[in-house]
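Scrolling down, you'll hit the structures one after another.
Shared chain: chain A. Partners: chain B in the first complex, chain C in the second.
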Partner chain A sequence: MKPMLIPMLLLLTPMSAQAATPEERGLEIATEIELRDTGFHDFKATMSMLLRNKHGEESLRDMRNQTLEMENDGDKTLVIFDEPRDVKGTALLSFSHKVGDDDQWLYLPALKRVKRIASRNKSGPFMGSEFAYEDISSQEVEKYTYKFIEESDYEGKPCFLIERYPVDPNSGYTRQQVWVDQERYISLKIDYYDRKNAPLKTLVFRGYQQYLNQYWRADEMHMENHQTGKSTLLTWKQYDFRTGLTDGDFNKNSLKRAR
Partner chain B sequence: MSAWRWILLLIPGLLSAGEWSGFVELQGRHFPQQALNGDQSDRLLSVVAQPEYYQRWDQDKQSLLFVPFFRWDSADEERTHGDIRELIWIYAGDGWEARAGIGKVFWGVTEALHLVDVINQTDLVENPDGEQKLGQPMIKLSLERDWGILDLYALPGFRERTYPGEEGRLRTHPRVDKDKSGYESDREERPIDLALRWSHYIGDWDVGLAHFNGTSRDPLLTPDLNDQGEIVLTPFYEQMRQTSLDLQATKGDWLWKLEAIHRNSDSGSFNAATGGFEYTLVGIADTAMDLGVLGEYLYDDRQDEAETPFENDLFVGLRLTGNDVDGSELLAGVIKDLDDSGWMFNLEASRRIGNDWKVGAQAGLWSDIDEDDPLHNFHRDDYLEITISRYF
Partner chain C sequence: MSETFFRFVLKHKALVIFLAVALSLLMGSGVKQLQFSNDYRMFFSEENPQLQAFEQLQNTYTKTDNVLFVVEPEDGKVFTRETLAAISALTKEAWQIPYSLRVDSITNYQHTYAQGDDLVVEDLVLDPASLTDEALLEKQRIATGDPLLVNRLISPSAHTTGVNVTVHLPGKSLTEVPEAAASAQEMANRIEEAYPHITIHLTGMVIMNHAFPTASQDDMKTLYPLMFAAVILVLVIMLRSIPGTLSTLIIIILMIIATMGLTGWLGIKLSPPTTTVPIVIMTLAIADCVHILVNFLHGMRDGESKHQAMMESLRINLQPVFLTTLTTAVGFLSLNFSEAPPFRDLGNMAAMGVALAFFLSITFLPAMMMLLPVKSLGGDTLGSTTMLRFAEFVVRNKKGLLWGMGVIILLLIAQIPNNRLDDQFVKYFDESIAFRQATDFTTDNLTGIYLIEYSLESGETGGISDPGFLRKVDDFAQWYRQQPYVLHVNTITDIMKRLNRNMHEDDDDWYRLPDRRDLSAQYLLLYEFSLPFGLDLNNQINVKKSATRFTVTLESISTQQLLAIEESAQAWLAEHAPHMRISGASPTMMFAHIGSRNIVAMLKGTSLALVMISVILIFALRSLRVGGLSLIPNLVPMGMAFGLWGMLVGEVGLALSVVTGMTLGIVVDDTVHFLSKYLRARREKGMDREDAVRYAFATVGTALWVTSLVLMVGFSILAFSHFQLNAGMGMLTAITLGLALVADFLFLPPLLIYFGGKKS
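On to the complex of A and B.
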């Protein structure tokens, strides 16, 4: 992603003064978000999901996430499941791509079996939660087209409101409205619209913390489904950046070792 | 055992710093039809315990996994059995991995049959589907390179297949008696089994090539008299060489799969293959559920001489995945013999209850099986199984 830097800086300065189309401004904001999040190299974190249905019944998911940043491609991610206990040790290896389907392998510890799985299904629930796989996978600029809507406030913070449209025809959404913090270039809220363009879900990011003096990560992501009344609170903990993960930590052997 | 002492010495403060998990399970099996033999029981109740101990150290480069297994069965004394599923030390190097101890390995891609999967012996008393395996002593070295992963196995020690006892169902008639098991090469002179496997992925293709040289996990069964003067089947384990290919293409919602083997031994050589597809319909009927449609063709060029009942058969299956909070799953499949009228049906379903409990059901039916088909042994053994598991 480094080669993008120079042209973007050239673009950014005159752009704010000159008139640009809403599409150009939207893309410019998305590119700046990615640019500011480039160079973290790798991180480890724990993820905990609290699933709640409309009757208030709760269910817990615990996972650990290891992510490796790739130059010129989407990230590599290994997710290891700890809870519920019957899927403990199950692990998912994903190589995300800027364009086209991701590569995904699922490890089933009871049978010691690694299965390459169809990754076209991006819109299905992740572990029965309100998060779809496409909501939590590596967010690459190329995965959407963009449109700047307006400058607007979210909870007192000046924001860019942009709309983005998934490029992938298998996405579960027609569009997403994203409130982007003007100062830090991070998402504060996303409204998702389903394939029929009806309001489907709202994701709110809370408790942003800065790591390595550059990279912002939210402690909490709260997803609410307006159509079913269900919600999922995803809590990120124990963020650890630049842990020394390499390509070798993201292959079928490491998938089988993951616990 | 000296190798074990060496491994144990490596581990400081063993059984103190690691973590325990595992499950206990209650299983009931009901056979509605009268058995072929009056000694066989119609109802079985059994209890399983499978704890799991895991510890890692040396900045996670080294780890130890210990998985003992025990089943108590109310009727079948052969099914009351224990095993060390895993007791293995793992060293993760930079671009390589070593494993030593008792381990479990799975090779392959297809669903109906696992032809290329030859490292571990089948724990057949567990389930007639043959997917439960006994722990295999092994030393494994694995190299991770740009051109794929190369696994080298040395497999000292051989495990005999387990078979249901006199009172058990889902067994042959006459039953298999392990007391007189024979081997092509004697225990003393038997060379250590060796295996080699290369696997890689290129774009949306996953490929594996393997070769195995050693004692066949699949015994020949021959009628004999045991010490009590009863007619029984006696297992005979040949030496064999098997070369295999497994291949999967992941194309959007389609998975295309192939497993092919060439095996030769003193009793002859043969080729066998299983190939087919799995197609997933995502979010059926405006729900979060996925429906998978599976189709596989099973071939063995020994035809009716084959030890396996699957020599010219078609498997068709449906997999329903709930994608719900309870992780509900259902898999139903039929295998139809294309040479005669016989078919078998299998259904598996499971869901979680709360965070720690799981219930499962399995049913098996055999219908119109020809008398000369190996599956004819099971034609009165249609069954329904219910399990309740508690994970900890």
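On to the complex of A and C.
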């Protein structure tokens, strides 16, 4: 979508909001979030995860992320692992889809082979952290249904509180409550509810920065598991947008080349 | 001073009665706040090292409270489309159990296999209805051949299977356990209804936790009425006085209400041991009342007026009743040394109870007796002639009794080492409790409930992939699997071997540990990326990937056997892998150590109580010699009882190790009554030793055997408890009290005659 359409749509939003059902309004907000984040083309960033258990032990995971925006489908992502040492050079390639299961391949340098992750249920923890793959993968609008709950605020910022329900039956969640910044249309906080609809995790976004004068990215994402007392702090650094990545950088062969 | 007080009590009887009732009810209003503890951890203090080790393990990985559904198909075949459909439905539904973290079953077991270059990770059973007979056989072969499943979630012959739900109770509210347990029970009922050919047995730590309050309440419903019936019967027969019986009953009720109310105010949670408190204090209150009433009725029979008889009874009983209350309370308070908080509560509650009983029996009781019409009874109601005849027998055979009893006592005490420590928490419940039945079925047909867990540390980040470390862990697993009573060993090395095989086109030759560190780590990474929600490896690997959880499941074995196995495991680790040596941690290990820890603690407590009680006696009796002599009849019954227990039963545990402190205070009572009468005869009446013994028998002999009988009946009723803890404690206490009476009647008199002070 062209950037100039966004202000027009913004003008429309308050009007239609009055008449719409909560479901329509929720979808509208989700669509607007995606809309505003459209057009970045690609970016590179480093990610580091600090895992902590209830006993206070900590552990670090370092990786690099390359993402390519796709026009009519979910994004393509390549994650290259640097730390722990034993998995250095391992690379995960994901094709996110608007409908159906995502495709994933993992390159194992110790084996010098690419393995497809042939599991229909990939909602487990990412690198042993409190993030599930579904929490950090490309958040396509089609992956959930929505419901607007209320206008609320989070840490003094006016928010839309919306609820979204995963379409994937294998998702670990029944629902998620998202606090969306009314001004910037970005998530500030997400509460995750498990299969029995009990509070499971809370994700808090901190240190949002704007790139290319449009795209907001959080420096820190802190995920806390209320049931096990474990937590993970995900820190994003060295964002670099429109680096010239192409489709050719996101296939099985590029996986092996990624270092 | 006490005389003025008693005169006031007898004069203002209505006021005294009103105040006693009002105050008791005021204290009793705390019963509203009474709550039952429903966590097995209640038996462990926060400082308990085994509890701390286990908490640390749980904080490193995840908590392991669980609900285990054990599914028994009628036809003895798990791998049929119908049964698998039931398992599959149960597995899916079990995620709805409150506080559940994960659900493991044979249907959602993450089966891995190679498909070309892919690693396929999927549920072992996806759609039971679509399985062909061959496929069913194949699934059975896979399940019963997988070391992670067999003897844990599937029996080797595939006739029983389990669905294990890991539950994380936040521990913030007492409703958590009943919530989870009720939900599991409902689920089991629903599934049984939908699939009538299967039976579900419910066990696991959550179900056990839930069984504590439910079995306790059951106990209360059966034991308390039984106790009241027994008390009324004994009182009617012994006192043959309706007003006396009635007054005593009211005292008992007031005292129980007040004690339980105070317990509520103090915020003490009820537990299986403390549900015995009403029965324990009931028996003790009866003793106080009987002593006062017997002398009162005795006086009236001798022609004294009601007022005179009561004043005299109070005069001669005040000191011994006060003394016995004091010593009993000291004995109970010694339970504060116990390692297990519920027994500290038991001690404190019982101490409050006896104190209340004392105050009520010197205020409410005399006031009531003044108020109610009391007939003077004719005849030898109190059996003092029988007692005199008995005294004659004892005095005549003093030498034979001294030696005979001495030999019997020594013989019995020599049997004490026959006792073995045993604390199997499943056996804390008797076979009428559903949890016990289900658990027994589980251990007979599927898996064990006793676990030993280790957090094996490699010493470096990511070290769990190190081939050297993995080999050691695997060797340890192999060693454990060769030990007797070991049903299952859960180890990460089995997953590593399986993945290695999968990575080599499922070639069985590759079912071995990867020989390179990066290879292991990357296999594990691939595997972790393939696992679904809730079925991850975080419960087996710590965040640094430096340590792994290693779980051994054992048959139902005694504490001795368990500790022996753990000891040889420690020896194995010391020899083969000293750097990863760590003691086993688990509820099973906690209970295995609690008995011996409690004995050591109670030895201190009982010794201190003994010293205090002896000092009290020496001062109260104003005789170092007689007070010192009292040590013998005070201590001997305990030694004899434990000896007899060693001969008859031979197993002691947590509950029995508190019996010493508890009975000490009660046993002393008989001695106090006997000695105070003996000394009164020597001092006030100037009798010689033999006559003083005769006098003591005549005045307190009846009261002593009556109260002992009441106490024995009371504690014997505890034998009907659903809790082996309470039943054993009750039995041993009853035996001790019986032997105390024997010692007081047959051993103390000869001792007094030979050593009981200067000849006059």
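Observations on the model:
The criterion applied here is as follows: the second predicted complex is superposed on the first by the 242 of 259 C-alpha atoms of A that agree within 3 Å, B and C clash if a C-alpha of one lies under 4 Å from a C-alpha of the other, contacts with A are read in each partner's own complex, and residues count from 1 in each chain.
The rule is simple: a residue touches a chain if its C-beta (ideal position, glycine included) is under 8 Å from a C-beta of that chain, and two chains touch if they have at least 3 such contacts.
Keep in mind that this is a model prediction, so the values were computed, not measured.
When both complexes are superposed on chain A, chain B and chain C clash.
Among chain B and chain C, the chain that touches a larger number of residues in chain A is C.
Within the superposed three-chain model, A:N53 lies in touch with chain B and with chain C [touch as defined at top]. Of the two partner chains, neither chain B nor chain C is touched by A:T235. Legend: residue contacts after superposition of the two complexes on their common chain; A:R116 is shown touching both chain B and chain C. Contacts of A:L92 after superposition: chain C is touched, whereas chain B is not reached.
After overlaying the two complexes on the shared chain, residue contacts for A:N253 are found with chain B alone; chain C is out of touch.
Of the two partner chains, chain B is the only one touched by A:D103; chain C is not. Clashing C-alpha atoms between chain C and chain B appear in just one of the listed stretches 223-231, 277-285, 457-465 or 709-717, and that stretch is 457-465. Residues 51, 53, 59, 84-87, 111, 113-121, 123-125, 128, 170 of chain A contact both chain B in one complex and chain C in the other. The touching residues of chain C, when paired with chain A in their complex, are 56, 58-63, 95-101, 115, 117-122, 168, 461-462, 465, 503, 516-523, 525-526, 528-538, 541-545. Within the complex, the chain A residues that touch chain B are 51, 53, 59-60, 83-88, 101, 103, 111-121, 123-125, 128, 170, 248, 251-254, 257, 259. Taken in their complex, chain A has these residues touching chain C: 51-55, 57-59, 81, 84-87, 90, 92, 104, 106, 108-111, 113-128, 132-133, 170-172, 194-196, 198, 227-230. Interface residues of chain B, counted against chain A in their complex, comprise 21, 23, 54, 56, 63, 65, 90, 92, 94-95, 97, 104-106, 109, 131, 142, 144, 149, 199, 201, 204, 206, 248, 250, 252-255, 280, 282-283, 288, 290, 323-327, 352, 354-356, 358, 389, 391-392.
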